[in-house]
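Naming follows writing order (A, B and C), and every chain is counted from residue 1.
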Amino acid sequence: MKTVFIFLSVIFMTNSSYALQLEVCKSCPISTIQDAINQAKDFDTIMVKKGTYKEHDILVNKPLTIIGEDYPVIDGELKGEIITVISDNVTVDGLFIINVGTSYTEDYAAIRVRRSKHFEIKNLVLEKLFFGIYIEKSSYGKVFHNKIIGDAIEEYNSGNGIQLWYSHHIEIEHNYVEHVRDGIYLEFSDDCLIKNNVSALNLRYGLHFMFSNDDIYQDNTFENNGAGVAVMFSKKIKMLNNIFKENWGTASYGLLLKEINDAEIIGNTFEENTIGINIEGSNRIIYKNNNFKNNGWAIKVRGACYTNQFVENNFLYNSFDIAYNSKVNDNVFDGNYWSNYTGYDLDKDGVGDIPYRPVKLFSYIVNRTPETIILLRSMFIDIIDFSEKVSPVFTPDDLLDNHPLTKKVTW
Amino acid sequence: MLKILKYSFFDLMRSRWSYVYFAFYLLLGLVLLFLNNDLSKAVITLMNVIIVLVPLIGTIFGVMYYYNSKEFTELLLAQPLKRSSIFLGQYLGVALSLSISLVLGLGIPFVFYGLFESSAIWDFSLLLITGTFLTLIFTALAFNIALSNENRIKGFGYAILLWLFLAIIYDGLFLMTLIMFEDYPLDKLSLVGTMLNPIDLSRTLILLKLDISALLGYTGAIFKQFFGTSFGLIVSFVMLTVWVVLPVLRIVFKSRKKDF
Amino acid sequence: MVNIENLHKKFGKNQVLSGLDLTINEGGIFAVLGPNGSGKTTLIKSILGMVIPNKGVINVLGENIKKNSNYRHKIDYLPQIANFPSNLKVKELIKMIKDLRKNTNEDQRLIELFKLEPFLDKKLGNLSGGTKQKVNIVLTFMFDSPLIILDEPTTGLDPISLIRLKDLIQAEKAKGKTILITSHIMSFVEEVSDEIVFLLEGKIYFRGSISELKTKTNQPDFEHAIASILTDNHA
């Protein structure tokens, strides 16, 4: 009964005579977007024609659809925030927004959605921004197909591309974010879906979670970010089929997990990162069907990580597969493919007959004296690694993959 | 000199040992490709093998050739030829025939396996260049040892010792030094330490290619400059060249003063 | 032809030549004799520039041989032990030496003389000692140089080849060449040489003709004369 009512009311509203379309252009009766909003009634559509509109602090306080034709430019002239949405059911589509003001006290955004529901932010191009799309205490919205090109140089005076704060059930899809501080940032935001985005060349993280639970991010590409993707103090995050690439640097990793519980990390590719996954204080996580390729360290475990499972992953040509800084191991490694495995498979069942020990003594040495990295692949190092393999002294002796595969895992 | 080079080279090209060496690399390439079924992995394994084995073979073969061709050398010495051209010619003959065995022995199986369509081609070329450099360096070092030691047992002993030292012991001492002085800034020391050993130097070149992700995890600014830019590549190649030139100069110098 | 002044050579602690002076005039056959370790080979190698003297000056055909290799164009040298690169064929070795020095057709005649045709396509590693020595002789005599140095030329030769070698030496002498020989075969030395130089402890003990030596030592034959020098000096 309720759905029928909604359906009818939608039909009624779209066909109703007072759902008007207003046009904005330089030579029109309405020449600014703010005027159009002021004159519009609820559920009207505002068409913004091609042109440059020098406006800022545009307040959208009623349910409206604002559509740009051929990407009209909204130039904020660095004076502050440009569009602020405070009503439910607002759609903003097809604008080119530039010159957001920078402030050390206020987080000016190109477009901010505050305490609203059912919004859609799509097909925007944002340049010269401070914060890009800022979703604040809102829910059931969609942010998709936007392109955010920042020019951030320093972390302290730059903002994030897409930021969610106390917002729930938001879908973020097909966005492209580069050169901002954090590409996508979620804080206290649950049940969100982040899908098919590309986040690259950002100063800090490509994607950043803080205190956010039950979120899913999948099929995204995170490339060349200052420090990769960080997931911190969050629960039940699903990380599926993402690509983490070329995050190089001292404190850089594909993925940083800090105080994360009950997550699933499945089907991701970690390629050419200094550290593929850096794990601290994270428990009950399933790592499955991931590719770790050409990383410095595929996985670096920094203590207090319990009952994690690493199964059916491919570890390919990493300088170090696993680094551990403690002697205690409570995690399971089983049925992975390790390109560094040198055992044999006499019974031809595709499983190596001797266990693989992924933690090398040398990774322990490098952890202690970082300069020794220069001796990587030295024959002397191979010899001491071998002796450690035979009788582990410094590395956890129960850290074994008892069923190392002899062929790459496919899924 | 070119004439001596020509004759030494053809002499070696016809000798059993060149074929053994060639066959060895051919086999190594084939076995690695067969076992790994994966070009990139085979290249990595090969790199580990090359930086240890090429110096060993270069040293042994160099010493062996020198002692075996002693009478021939004396025959040449009585001819109107400059000493330096005799020894440089012989040296280049050995070094080139070894290099060609290496390049062909490894190259053929990899080319048949589809190297040219593979992304591993640059890694592989680097591998061959490094291998050639190591051959040039260690053959020269071997000639130096042989020139300074009339007794061939002693000569062989020193040659093996030299290899053992540079391939393994040096790195052990190096590692201990780094750990002992870990409280001090070490990045300069570690780079200098690498430059002083041609095997480490070649290893660095390979690291630059294979493990750049790991190397960039280290904080030191000098490290970063070295490994993060083409600076490291250039310096390494310059140093490798120096490592060829110095022993060769000593061959010239030493041969001028030696009695036969 | 060869002029040596105050030649000193030490191998480690072993003083082999101590202040040797020697002048060899043009033409004739000179034998350098002496007991083992007296410095014969060292002397010859010094002339060839293979041994670098500690002190002294050597002039060959008026040229100081120090840091010089060109004068060796005028020397033919037969080394003591003929060990050649074993992978080379005889033909190739001859061709190579010609390539290194200069072209000549004399080798054809010498090959015929020593009946080496059947061996031309064999590898040097497969030849007997005597055959190798014949090849050695061919390599030495095929160039027409004014100074010929022969270190133990008779080693391994059969009687016929020995006769041919002697003929060859005489023929070269007839051309007015200077020939320097060392040998342990006294009869051979006595037969071919015009003048002998006897080395003892790094110095020239005697220089002159064989008959002068016999007179000096009061011995009827050459072999005994040599023996008496050695016994006198070691007594």
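Annotations
Just so we're on the same page, a contact is a pair of C-beta atoms (placed from the backbone, for glycine too) under 8 Å apart; a residue touches a chain by one contact, two chains touch by 3 or more.
What you are looking at is a predicted structure, and each value in this text was computed from that prediction instead of being measured.
In terms of Cα centroid distance from the overall Cα mean, chain B ranks first. Ranked by distance of CA centroids from chain C, the top chain is A. Spacing of chain B relative to chain C, judged by their CA centroids, is 42 angstrom. Per-chain Cα centroids separate chain A from chain C by 88 Å.
For the pair chain A and chain B, the distance between C-alpha centroids works out to 46 Å.
Against chain B, in their complex, chain A makes its touches with residues 248-250, 252, 272-275, 294-297, 316-317, 319-320, 339, 365, 368-383. Residues 3-4, 7, 11, 14-15, 69-72, 74-83, 256-260 of chain B touch chain C in their complex. Listed in rising order, the residues of chain B touching chain A in the complex are 38, 40-41, 44, 47-48, 51-52, 167-169, 171-172, 174-175, 178-179, 182, 186-187, 189-191, 193-194, 200, 203-204, 206-207, 210-220, 223. Within the complex, the chain C residues that touch chain B are 9, 11, 45, 48-52, 67, 69-73, 75, 77, 79, 81-85, 87-88, 96-97, 99-101, 139.
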